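Shared between the two complexes below is chain A, which pairs with chain B and chain C, respectively.
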Partner chain A sequence: MSDTSFPARPSVFGNLKTRYFNGPVNSTVTVVLAALALWVLYGLANWALVHAVWGVDQGDACRANRDGACWSIIATRWRIVLFGLYPFEEQWRSGLACLIMVVVAVLSCVPWFWSARRLPILWVAGFTAFYILMRGGFFGLPEVVERNWGGLALTVFIFSAVCLIGMPLAICFALLRQSSLPWVARAMGLIIDTIRSLPLLAIMFTFAIVLPFALPEWAIGESLYRVIIGYSLFFACYQAEIIRGGIQSLPSGQEEAAKALGLGYWHRIGYIILPQAFRNALPPTINQFVITFKETTLVTIIGFFDVMTSGRTASGTADWSFATLEMYVFLALLFFVFVFSLSRYGAYLERRLGVGTR
Partner chain B sequence: MKIAIKTLLASTVLTGLAAVSAQAQVADNSRLKTVLDRGSLLCTGHNGSFLGFAEVDDKGVWKGLDVQLCKALSAGLFGTSEGHLEIVPVSWAQRWPALQSGDVDVIIKTSGWTQSRDTELNLAFSTPYFIGAFQVMTHASLGAEKVADLDGGTICVNAGTSVERSIANYAHSNGLDIEILTYENGDEIRNSYYEGRCDGWVEWAPALATGRVDAPDGADAHVILPDVIELEAEAIIIPEGDADWLDVQNWMLSSLWFAELNGITSANVDEMKANPDSPQIATFLGVSPGYGTRLGLSDDWAYNMIKEVGNMGEIYARSMGADSPYKLDRGVNALYTEGGVFYPLQID
Partner chain C sequence: MVALLKNRHVRDGALQALFVGSILAVLAALAITAKTNMDAQGLTGGFAFLERATGWRVGFSLIETDATLTYAEAILIGVMNSLFLGAITLPLATVIGITVGVMRTSGNGMAELLGAIYVETFRNIPMILQLLFWYTVLLAMPSPREAELLLGSVALTGRGFYVPGLNVTGGSVFAGFVWIALMIAVIVRLTPRRWRNIDTTRARHEKRAVWLLALLGFVVALWLGRISNTTLTSIPEAKGLNFKGGVRISPELMACILAISIYGGSYIAEIIRAGFNAIPKGQSEAGKALGLSVWHIFSRIRLPLAIRIVMPTLINQYVWLFKATTVGIAVSFTDFFMVISTSINQAGQTMELIFMLMGGFLIINYSIAWVLNRVNDAIKLKGTQLRI
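Entry: the complex of A and B
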């Protein structure tokens, strides 16, 4: 009776009823699953919020209370997670540098910056600012060598450097692999397959540790940059195959039509092939970015304090060794923020470019 | 007259040469020279934390037993470690290549002296500075004071390790009727022990000590028995064939034990230096010359070390022993006068 006076309501309940309660089996499943979900959520909220211990230096309170999470470890040791072994007094620089990189990444998602001139300028400026802030030695900033970089700033730096070096490399690789000269195409194919068949860990280890024995003195450089170059090669090989997939998914008429119009090789590639190839290859490209971000954690094996290692270090002391779970939850949240925004941006791009619809 | 001056000059030069040769001849290719020229020591840290040996405090500063030794070495070389020490985080796998490539000058990273490392990897070892003993932890409520008191009980051990055999041999040779339970997985053995299925748990003693801090019923409910089931000798490691650098390592360790044996601490070292108890201590603290110059260092190098980090007893207490959260009894790691295996070398 009252339903008739509120026309919007019955549709909601009706929806609920037809979707979740249309029969004894469905109703039971719904009730059981809802109860389970509520129970899990209740337990989680109890642990993470209700019984949790907050505030700086509450280690003893945490030990006394094992029903709830001990967020005190984050409040006390967050600087180690975010900045690693970066000198304490200079950590604002690391924070600012990290922020600059995030801003640059966000800005480069704005379509206004999508031009061959603006995008490189933005990234070069961003990287220069990042490097000056982190490394110091200029403008009265004390020098901090790469060895002491760490935490989130290091992870962000490795990730963006790898993507920026790896992407152009990947395009080169993909084009060489598609070359009409068979020996170029075969050689490139062999290189790509060789590098892809090596584990990333082995590549990093080789570039960081074995390479200095083989290289001449002047070419050794910092191990951080050697690792970035090795990782970029690895990234480029995977990404090259993704781009090649994108290129091969184009109807051959596209290139033939461009040829018929009299466009040269670079015009064909730059205006016809690559834009469409990238559009088609967008979902796996985003996938590759996400994987790359997560695999930066492997640098711990060569002694770098990336955000994961820093987190483990933060909980690795007698005062906090009981709170490793809380630390991992915090790390997971950090990763989630980055990776989720990356995926959402990918989804936005797909919508904008109409991937899969046209 | 001219001849007289010439003779005078020549004799001056000769005296000068004699003075130089009284100083140590540090080989040009020695890591010691490289380090002194660079003005800072590159010492090993950890990629993360290794409880008790290398940890990071709230401000990102390294602490722990291994790090203290790095500090001592740096203070001995340069007078103070402040600004002269870089702790380079390296992983376990990275240790040896990092040493060979010069990323670190010395490995002080709880690394055992094994034959393959000594021979095949071309590494040189100092005298061991820490005995990584495998000991038994038991529930305090059982009241056991030695492993023999666990006769008739159950001891848990990780499967497939050499300790598994050692504990069996230990029980057999001591005529103990102990049931030995093996576990494949570290978490399983931990849970079984804390749930009370095992009366004892054999493990590397520092790992037991750092682990019991998080015991569900509190660290005080568990005692680590003094009996040593098996041991690994941890030493400072440098590349082979660098005698000058190795000398510095050995005498650094010896100095820390010498100071402990003679009651020289970071608190009273200034007093001791002003009023040395014996000529030997006077030499040791650089009041009379020789102790440092023979190594190519300044004569007060030992004083600088003790001043900064204290003697070995202080280092142990601060990182692993009574003043630390881990409270691991020093046991075999004590000086020989206190039932341990360590001793200083003779200063002459």
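Entry: the complex of A and C
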């Protein structure tokens, strides 16, 4: 940036002209695309707003009106979507537990928490609070076993458990793969590459349905926890490669300097290598969290009552089956809010940290 | 003993043996438990079950089978369906991705806005949700009785799309695609080894000959696979309550194609956009200075450079997208994964089938990565004229 004479900031109309109506081709493209967009928007608004049926228990009105959306199904059955099979009187616990995890997620975006001590404490504390609230059995809360959990809370539970188990595992995997012992590095590399080339669905299926076959009686446990462990393993293998990328992008002088100062292996890793590696690997890590949250929905195929299954259940009964599409749109909006804000935050961080521009 | 432990070589050796040994021990323990459980259930191991009849039918198949479908045939159909789905969706996702990626870097504000809306919408919603959404939309299409033929040849109904087709066997279509893939492999192999080193016109003629050969082989494959006693082309027509003739694309297949290519397209668009943004400005400015048209700058300078820059990322994306085709099970599309999981439920030969599933995916994914890496080697920028 040696050139200090910046061009004058264009006015709004100047901007409009250069970006939208710069020459005949550009103007045509703008007009055609705008017409197309307006046409889609008009149809969408007609369906979703103008002709839509709102309010609780409007099933008959919906059936009579097929020009518009039937948001009545959401107003009537949102409890099933969000809470699944959770007992009705206790559903506030499920909602509160989800809120806690959302707060934890928002707090982890605050730079003050970004240390090797604060972030794990925050997540473990949040997760424990979530589990205690959901499970109950003490403090006068009736016990609700995992089998009765469902809806959004189950999706949040699986996601946060996978992150909590997967992250330390990923660090272990990355360090083992970088090990100076050749056979350890090779064996870990083989495991990571094999798991990465398998579809997540196949891994979940194996852990949920096939693994009990190859485990002794005492180790089988709940299928929910087996799926979480399988998913964590999958997450760890992907995240390990991201961390390895972060480690490899460090100049070798960093580790050599630490060695020259006489630091031991754990000090080098804990104070020199990993903090810098994580900083380099932050954008792909957030991207990995986004993908992990989205792919949590695959458990619906294995037969868990997550938010996808509960949505399909809510629109699965005979009197509401015509409104399946509206239910999917609602679920899509639900996911969009979470995933979009997380990915925007990732993009903001990328700009702020200036990764890639230095 | 203590002296032995203090020896660095001995200690390293022992640690490695311990690590590898414990992994092997866990795997062996799993295998032994599985064997014991299978013996207890009276199941015999091995792959003899592949010859047994399954007793179920598959919804979609490229090859004809008789009434009794064996496990081997079912698995073959599953593999072919997965490859078929991948062969359709991966190129389609690429086309969508390049289109949207170009829109987002075009400089036209409207195109950039719409491209951004596309990417942010479809990237931020789980693929399985999109799949179920499209499936619901497709099933809600009018019934065949109410549907009309568009342009006299295409019918969009709730029971599938009817489009004109050829009266040929599915196997011959598959063979034709395999042939084209082989010819592309030949081109990729010859480009750096032969055509870079010989006269340009001669290289162009030879390249054209290979393309012709590919096309010719494809036509021959279809011709040989003609179903006897029928006309070559088959056009759907309304008959009674349904449509006869033509090719029926089932809602399951159509939903898979839509969901995977739209979702994959939004990811590829971002990769392509990053590629365009990584091209140094000097490249297109040099093109402008030479008096090239906007189209020439795009098609001869920017697009080839962008593709070469993003190729390694794109390869990972293709492998990932192919793995993602397994969600087809949510709408009962009979792909490799669905056949295996159904077989596990029916035949109980769990270990063998899981082994086949993992082996199959390892082979397919490594093949995709291997082929595309060869493509990358063939087209990547040589030398250091362009620093990216």
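The rule we apply is simple: the second predicted complex is superposed on the first by the 344 of 358 C-alpha atoms of A that agree within 3 Å, B and C clash if a C-alpha of one lies under 4 Å from a C-alpha of the other, contacts with A are read in each partner's own complex, and residues count from 1 in each chain.
Note that a residue touches a chain if its C-beta (ideal position, glycine included) is under 8 Å from a C-beta of that chain, and two chains touch if they have at least 3 such contacts.
This is a predicted model, so every value here is computed, not measured.
Chemist: After the match on chain A, would you call chain B and chain C a fit or a clash?
Modeler: They clash.
Chemist: Of the two partner chains, chain B (first) and chain C (second), which one does A:Leu44 touch, if any: first, second, both, or neither?
Modeler: A:Leu44: touches no partner chain.
Chemist: Any idea whether chain B or chain C touches more of chain A?
Modeler: Counting contacted residues of chain A, the larger count belongs to C.
Chemist: Looking at the overlay, does A:Thr317 come into contact with chain B only (first), chain C only (second), both, or neither?
Modeler: first
Chemist: Determine, under the contact definition given at the top, whether A:Ser343 touches first (chain B), second (chain C), both, or neither.
Modeler: second
Chemist: According to the stated criteria, A:Val210 is in contact with first (chain B), second (chain C), both, or neither; which is it?
Modeler: In the superposition, A:Val210 contacts both chain B and chain C.
Chemist: In the overlay, answer first, second, both or neither for which of chain B and chain C A:Thr309 touches.
Modeler: Touch status of A:Thr309: first partner only.
Chemist: For A:Thr297, decide between first (touching chain B), second (touching chain C), both and neither.
Modeler: second
Chemist: If you stack the two complexes on chain A, which partner ends up touching A:Val110: first (chain B), second (chain C), both, or neither?
Modeler: The answer is neither, since A:Val110 touches no partner chain.
Chemist: Is A:Pro87 touching the first partner chain B, the second partner chain C, both, or neither of them?
Modeler: Only chain B; A:Pro87 stays clear of chain C.
Chemist: Looking at A:Ala61 after the superposition, I want to know if it touches chain B, chain C, both of them or none. Which is it: first, second, both, neither?
Modeler: After superposing on A, A:Ala61 lies clear of both chain B and chain C.
Chemist: Out of 73-81, 127-135, 181-189 or 235-243, where does chain B collide with chain C after the chain A superposition?
Modeler: Stretch flagged for C-alpha clashes with chain C: 181-189.
Chemist: Share the list of chain A residues that count as touching for chain B in one structure and for chain C in the other.
Modeler: 205, 209-210, 213, 300-301, 312
Chemist: Under the stated contact criterion, what part of chain B meets chain A in this complex?
Modeler: Touching chain A: residues 45, 47-51, 55-61, 86, 88-91, 93-94, 97-98, 100-101, 103, 210, 213-214, 324-326 of chain B.
Chemist: Of all residues in chain C, which touch chain A in the complex?
Modeler: 12, 15-17, 19-20, 23, 30-31, 33-34, 37-38, 106-111, 114, 120-121, 123-130, 132-133, 136-137, 140, 319, 323-324, 326-327, 329-330, 337, 341, 344, 350-351, 354, 357-358, 361-362, 365-366
Chemist: For a test of understanding, state which residues of chain A touch chain C in their complex under the given definition.
Modeler: Touch residues, chain A against chain C: 16, 19-20, 22, 26, 29-30, 33-34, 37, 176, 181-184, 187, 191, 194, 197-202, 205-206, 209-210, 213-216, 290, 294-295, 297-298, 300-301, 308, 312, 324-325, 328-329, 331-332, 335-336, 339-340, 343.
Chemist: Which chain A residues qualify as touching chain B in the complex?
Modeler: 76-77, 79-80, 83-88, 147, 205, 208-210, 212-213, 223, 300-305, 309, 312-314, 316-319, 321-322
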